[in-house]
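First, the structure itself, so that you have it in front of you.
Here the chain labels run A, B, C and D in written order, and each chain numbers its own residues starting at 1.
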Amino acid sequence: MTHRLEMKQMTKKYGEFTANDQVSLTLEAGEVHAIVGENGAGKTTLMRMLYGMEQPTAGEILLNGKPVSFRGPNDAIRNGIGMVHQHFMLFGEFSVAENIVIGYEPKQAGFFRRKEAVEKVRALSEQYRIPINPQARVSTCSVGEQQRVEILKVLYQGADIIVLDEPTAVLTPLEVKDLLQTIRNLAASGKSVILITHKLQEVMEVSDRITVLRGGRVTGTVSRHETNVDDLARLMVGRELEELSQRIPLEGKRLLHVDQVTVREKQTLLDNVSFAVHHGEIVGIAGVSGNGQSELLQVISGLRPVQAGKIHLAGADVTNKSVESIRQAGLAHIPEDRYMWGTAKQESVEENALMGYQRKPDYYRRGVILRDAFRQVVRGWVDRFAIKTGSRQLQELAGNLSGGNLQKLIVTRELGQETPLLVAAEPTRGVDIGAMEYIHQALIEKRNSGDGILLVSSELSEILALSDRILVMYKGRIAGELARSEATEEKISVLMAGGNVHGSDQRAV
Amino acid sequence: AGCSAGGSSAPADKAEGQAAGQEGAAKKRIALILPEKIGVNPFFQQMDEGAKKAGQEFGAEVKSIESTDHGAIEENLRVAVAENYDLIITSSFESEDALKKVAAENPDKNFAIIDTVVDLPNVRSVTFREQEAAYLMGAAAGLATKTNKVGMVVAMDIPLLKKWTGGFQEGMKATNPNAEFLVNYVGSFSDPAKAKELALLQASKGADFINGAAAVGDLGVFEAAKEKGFFTSGQDVDRTTIDPEHIVLSQLKGTDAAAYETVKSFVEGSFKPGVVTYGLKEKGVGVTYVTHESKTPLNAFIGQEVIDKVKAINDEIVAGTRKVPDSFE
Amino acid sequence: MELLDWSLVSSTIRMVTPILLAALGGALCARVGIFNVGLEGLVLVGAFSAIVGNHFTGSLFLAILFAALVCVLFSLLFAYMTIGLRANEIVVGVAINFLALGLTTFALRAIFGVKGAFYDKEMAGLPKLDIPVIKDIPVLGDIFSGHSPLVYLAFIAAIVLYLFFYRTVTGFRVLAVGLNPVAARSLGLKVTGLQVLAITMCGILCGLAGAQLSLGQVTMFTEGMTAGRGFIALVAMMMGQSHPLGILASSFLFGLMDALSIRLQGLSLPTQFTSMLPYVLTIIAMFFVKEKSQAGGRR
Amino acid sequence: MAAIRELCKSLVQPILAVMIGLLTGAIVIAAVGESVIGTYQEMWKGAFGSFYFFTSTLARATPIMLIALGLALAFRAGVFNLGAEGQMVLGAISATLVAIYLPAPGIVKMLAGLIVGITVGGLWSLLAGFMEARFRIPLLISTLLFNYIAVLFASYLVTEPFQDRTGSAALAQTLMLDKSAWLPKLFSGMSVHAGFFFAMAAALLLFWVIRFTPFGYEVKMLGQNPLFARYGGINPIKVMLTGMFASGGLAGLAGTVEVFGSHYRFVDGALTVPNFAWTGMMATLLANSHPIGIIFTSILLAAFQTGAMGVERNTEVPLELASVIQAVLILFISAKFSYDWWKKRKAKGGESHGAA
């Protein structure tokens, strides 16, 4: 029998390093096929070969039984394969409709018929029940909307096989729900979907079959009905997951105090926000993205000025101070967008790790950075978090690391600062469950040692698992606060949607 | 290097100095080191031609070397010394410093410099008094103008060109104190488009005679004259041939003669260090129709009457009864 | 002395044309992510080729065509070096400027046997077009009528380029390439092809700019006659944020300032200061024209 | 073993580039009917043929190298300074005027001149940096425009208030410096002067800064990803302004040593006509902003110029053609011919991939 897609013995080598080792995979019409595996297992690499972005070192791709070879994405698109990348490939300056039709624009005598494009996109959006405003500028769209644009683009291009690489990593729970629904709709209409994700619940919810990769090899392909989350996790990580450490009850002094902070930029982004983080406490911030969390973190870490209010860190006034002085006062920061803020992709792992340490007395003497001493430390980090750096080790370009490994690098770099306060935005975005466990463990340990953590996450489960206290943001304000004991997903969700939880009297410290 | 079209004479073979020695007294080897590229500058072009012509006529090997920039002048001089040229001619203020150094270091060598003075015992300096010719031009313009407005388009506002603007203005004031003098600077030696625009501007203000002193930009002035029907004049060589209807005068400067004479005197053995200046008296500078003949007939705009009056002024300057200042502020 | 009269505007329009054309060409390159400092050289080549074309064909139309063609060849060289051989675009641009200066000077001698300048009294320049109705209106006639066809073409080119960018499919894709080459490539857009297209169009515009200089404003070629206009075009392009209409405005601003500086020469100010005026005022203008993004240049 | 293969691979590029450049140049030379070998011989001789010519090449490389080193720092920080020419000229004129009019012994004049040259060049450059930081006026535009202003202003200074009127007063230039304030020549009768030492010292210092110091690291990271740098506590404005001051200062020094070591007075146009600024920028870009690389690229570009002079002096190849050959060589040296390129040529006959 012929499959819609069959990948046979696909191998990809980067120099000495084998990213995919004889990987085989089949895909049927109307099927949702999930690919899971730890960071650096080679998921993205496999898909890049399917999409013509990388040339396989060996192996064969069959489409409906016929062998094909793609010299570029163009060939793949023409053969009905579409891919939504881990990092969106969008033009922020263009409208939604323009982004969707680009490459296959409706035209007349060479002129771009934008009205027709808008109509077509609208029709498409209705057909697949993927809501979108065709005329909005993409740079003003939320991440979830941008992702819908990407999916519509693939559909517009006539794809039958749709590859989604970690599509849910950047979405809010609500958006995730919508996306999973969309995926089911697509499958029902006969499309085939390949879904890469680290969230096993999603896998169980939506997929028909699951392929597990480890170290570039297939460790198993199972049908959803024959498996469960724990089995999958074991297949992926190769060991049992452990319970998080116990949290030691602590009564710490106030570490971070945000006092009536207001940020205005054309419109009010933060409105009179007040709260505190104490030593030995993890404060979680929940909220639908776009409600001021980014701005709050930027303000605290010195990347954005405030128009009113005060911020104190470890007793020092750090309001509108430079990033450098705030970091010196005791702040480390895991940024929400690892590529935009967290790395220089064209530099080596070592150079990326060095950020923030270049003037630390331990690694800096008589005007010179002590590279050897620092390298030792970085090696320790790499070992501890099992960061896969490829064949060139510390000299590998950061941009060549898999998404999750890069995230691990950033997390360990900021943990290594050993500052009293850690601001962690989406610390486990894109990392596999094994690494997630590690990171969670590290955060708890940091807390238990008496440091404070401000955690922003769109994963409610993460917030609930880690936080001692939970603040919910809505429209630039703190809409409510919940203690660990009283917090439930429902209560948080209500607050996130702008509702009111009885008795929550907006206690801001 | 700087061989102009017909350079059949310039022997390509230069077997590094010693050749000259072996050939004995046969041929003198003379280097003409120009301080910049010949390019757009008729001044250097003529010098090159004059030297070559003399070389051909008197049987000397003349090699001209263009310098790419200021820094190259000294190097070229030094190399010419090293390659044992019998006479090294250079030119203009730009070479002054370099020549002072090189000539002082090589007291046995013969040098000449055209258009400025270097006071050393082994250097012959040849200079021009362009301001005298410019004075005559100004005088003619002052007499000829009907609108009492006279223009001048100048390459750049630099000290060197004050000899032209200053002399011209003095001469004009001398014959027509009421005439208004319009002057504009192109800001470049090689921008005819802008020079033309400036000439059009002056014409629109009523100037009926516009003197071009913008190097290659003069061509732009000439074009403007043709278009708008005003009268104009050029520099260095007789430019009236280009368009006698509008180009009615030319200020002349005998750099070719200076180079020619220098080579000639050297070959003939009458070469002496010291200063030679060419002015109206020596006929080293001049104005067409006044001091030199022209192939084209005199334009009615100037008229014989004006020429006669200017000739009289010329005679006064030559006789020393009328003084033209050396510099202008 | 009156500083402003209508001939000022008319002269500005003439003077600004080559700058405008070259700046539009530069904008095309900037829009595909290439900073082209070779404009000066391209315009110079255009100016020279226009004269050569005119001399040998006797047809102004063919002369302009020839200028455009030669400039396209040069810009293809630029494209091959920067895109094909991944050479640094600034190095290539500067080298093209050197090359253009050397080659035109050399060819001037090789073809016409003259040094410095080629001027032929018999050679016809571009005709001045009188626009039927406008030419009889007192002030407007002086300003807008009686320019060479390339002057009108330059203004049309700005509008056409505007339409190209914002109304046509190819233009849309060109913009996409400049905004995010990685995304464009992943979409399967022919990034290289679009870049080469833009650079070729830049060549055509520079050819026209050169032709306007050597056949429109004057009728001659002189060594280095671009006299820095290519660099001014670069400034105009950046100030206009690579937007055709923005460039129209910025070129015009610069032209007006230049014209004004000429008028000021008559006053007792040293000419160095009057010559500085356009640059100083352009900088002052920058205080009011804030760039949203780095429209060209920085990668 | 692998290291040697790597080295060979990295050498393929420049060697191939020079060969193709020379080949293209040869075609041009042959086209005008001159001897290819002879011309290249003269070019070589003019640049390196004897100790004298070698030193003149070094002398010419001096300002190029200094400008290039300054730009290297700025480029690394992602700051595109196009204003080296103005910074150089303004630095040089200020230094010259100070050295002429400061009533002090020669050595003091010289040192004061050097300091003033660096400071003024640096400050002029800093102004553009400040305008970008404070008013968001793009550096690319302001630095380009500042060139015109600086050059015109310097020209005004030497035509009007500070013109040398002792001689014929026909050239726009200052008085000559006291002999005691001249930078010494390294070898008597040769052109190369102490400024070359400054350039070499600057190269080594810059290498050290970029390679080993936190500041060098910060510059690099700022150039790679400004947001990352900011996030990590690097003050982008401080680094940018430092980079601008350093590049302007080195450009000012370049102009100053050229005056103090070669011309001994500021002559209008003497620093702009040779195109030091653009050549310096090319040297930086060709060396990928690597200080040690810049030593070589500067000397190479200077050698093209002195070589072209040699060609002009000793062959009938016209000067313009020498500059054409020079441009062709630069064009090809900038190209990234790689080992792969060579293979691909052979395999497919040339489908080129653009830079992403």
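Note that a contact is a pair of C-beta atoms (placed from the backbone, for glycine too) under 8 Å apart; a residue touches a chain by one contact, two chains touch by 3 or more.
All values reported here derive from a predicted model rather than from experimental measurement.
Asks: Out of curiosity, which chains are bumping into both chain A and chain C?
Replies: D
Asks: Measuring centre to centre with C-alpha atoms, which chain is farthest from chain C?
Replies: Farthest by centroid: A.
Asks: Pick out whichever of the two, A-D or C-D, is joined by more C-beta pairs in contact.
Replies: Looking at C-D and A-D side by side, C-D shows more C-beta contacts.
Asks: Nearest whole angstrom, what separates the Cα centre of chain C from the Cα centre of chain D?
Replies: 28
Asks: Which integer distance in Å separates the CA centroid of chain A from that of chain D?
Replies: For chain A versus chain D, the centre distance works out to 46 Å.
Asks: Could you please state the distance in Å, as a whole number, between where the Cα atoms of chain B are centred and where those of chain D are centred?
Replies: 35
Asks: Need the CA-centroid distance for the pair chain A / chain B, whole Å please.
Replies: 76
Asks: Could you pull out the residues of chain B that touch at least 2 other chains?
Replies: If we look for residues of chain B contacting two or more partner chains, we find 157.
Asks: Give me the residues of chain D that touch two or more other chains.
Replies: 155, 159, 318, 323
Asks: So which bits of chain C are touching at least two other chains?
Replies: 105, 182, 185, 270, 272, 275 - these are the residues of chain C that touch more than one other chain.
Asks: Name the touching chain pairs, please: which are they?
Replies: The list of touching pairs comes to A-C, A-D, B-C, B-D, C-D.
Asks: Touching residues of chain D toward chain A in the complex: what are they?
Replies: For this pair, the touching residues of chain D are 212-214, 217-218, 220-221, 224-225, 227-235.
Asks: Which chain B residues qualify as touching chain C in the complex?
Replies: Residues in contact with chain C: 4-5, 38-42, 45, 156-157, 182-185, 187-188, 190-194, 196-198, 200-201, 204, 216, 219-220, 223, 242-243.
Asks: Along chain C, where are the residues that touch chain D in the complex?
Replies: 77, 80-88, 90-92, 94-99, 101-103, 105-106, 109-110, 181-182, 185, 191-192, 195, 231, 234-235, 238-239, 270, 272-273, 275-276, 279-280, 282-283, 286-287, 290-291, 294, 296-298
Asks: Mind listing the chain A positions that touch chain D in their complex?
Replies: Those residues of chain A that touch chain D are 301, 303, 322-324, 326-328, 333, 335, 340-347, 351, 354-356, 358-359, 364, 367-369.
Asks: Using the touch definition up top, name the residues of chain C that touch chain B in the complex.
Replies: Touching chain B from chain C are residues 5, 7, 11, 14-15, 105, 113, 115-117, 119, 121, 213, 217-220, 222-225, 227-228, 262, 265-266, 270-272, 275.
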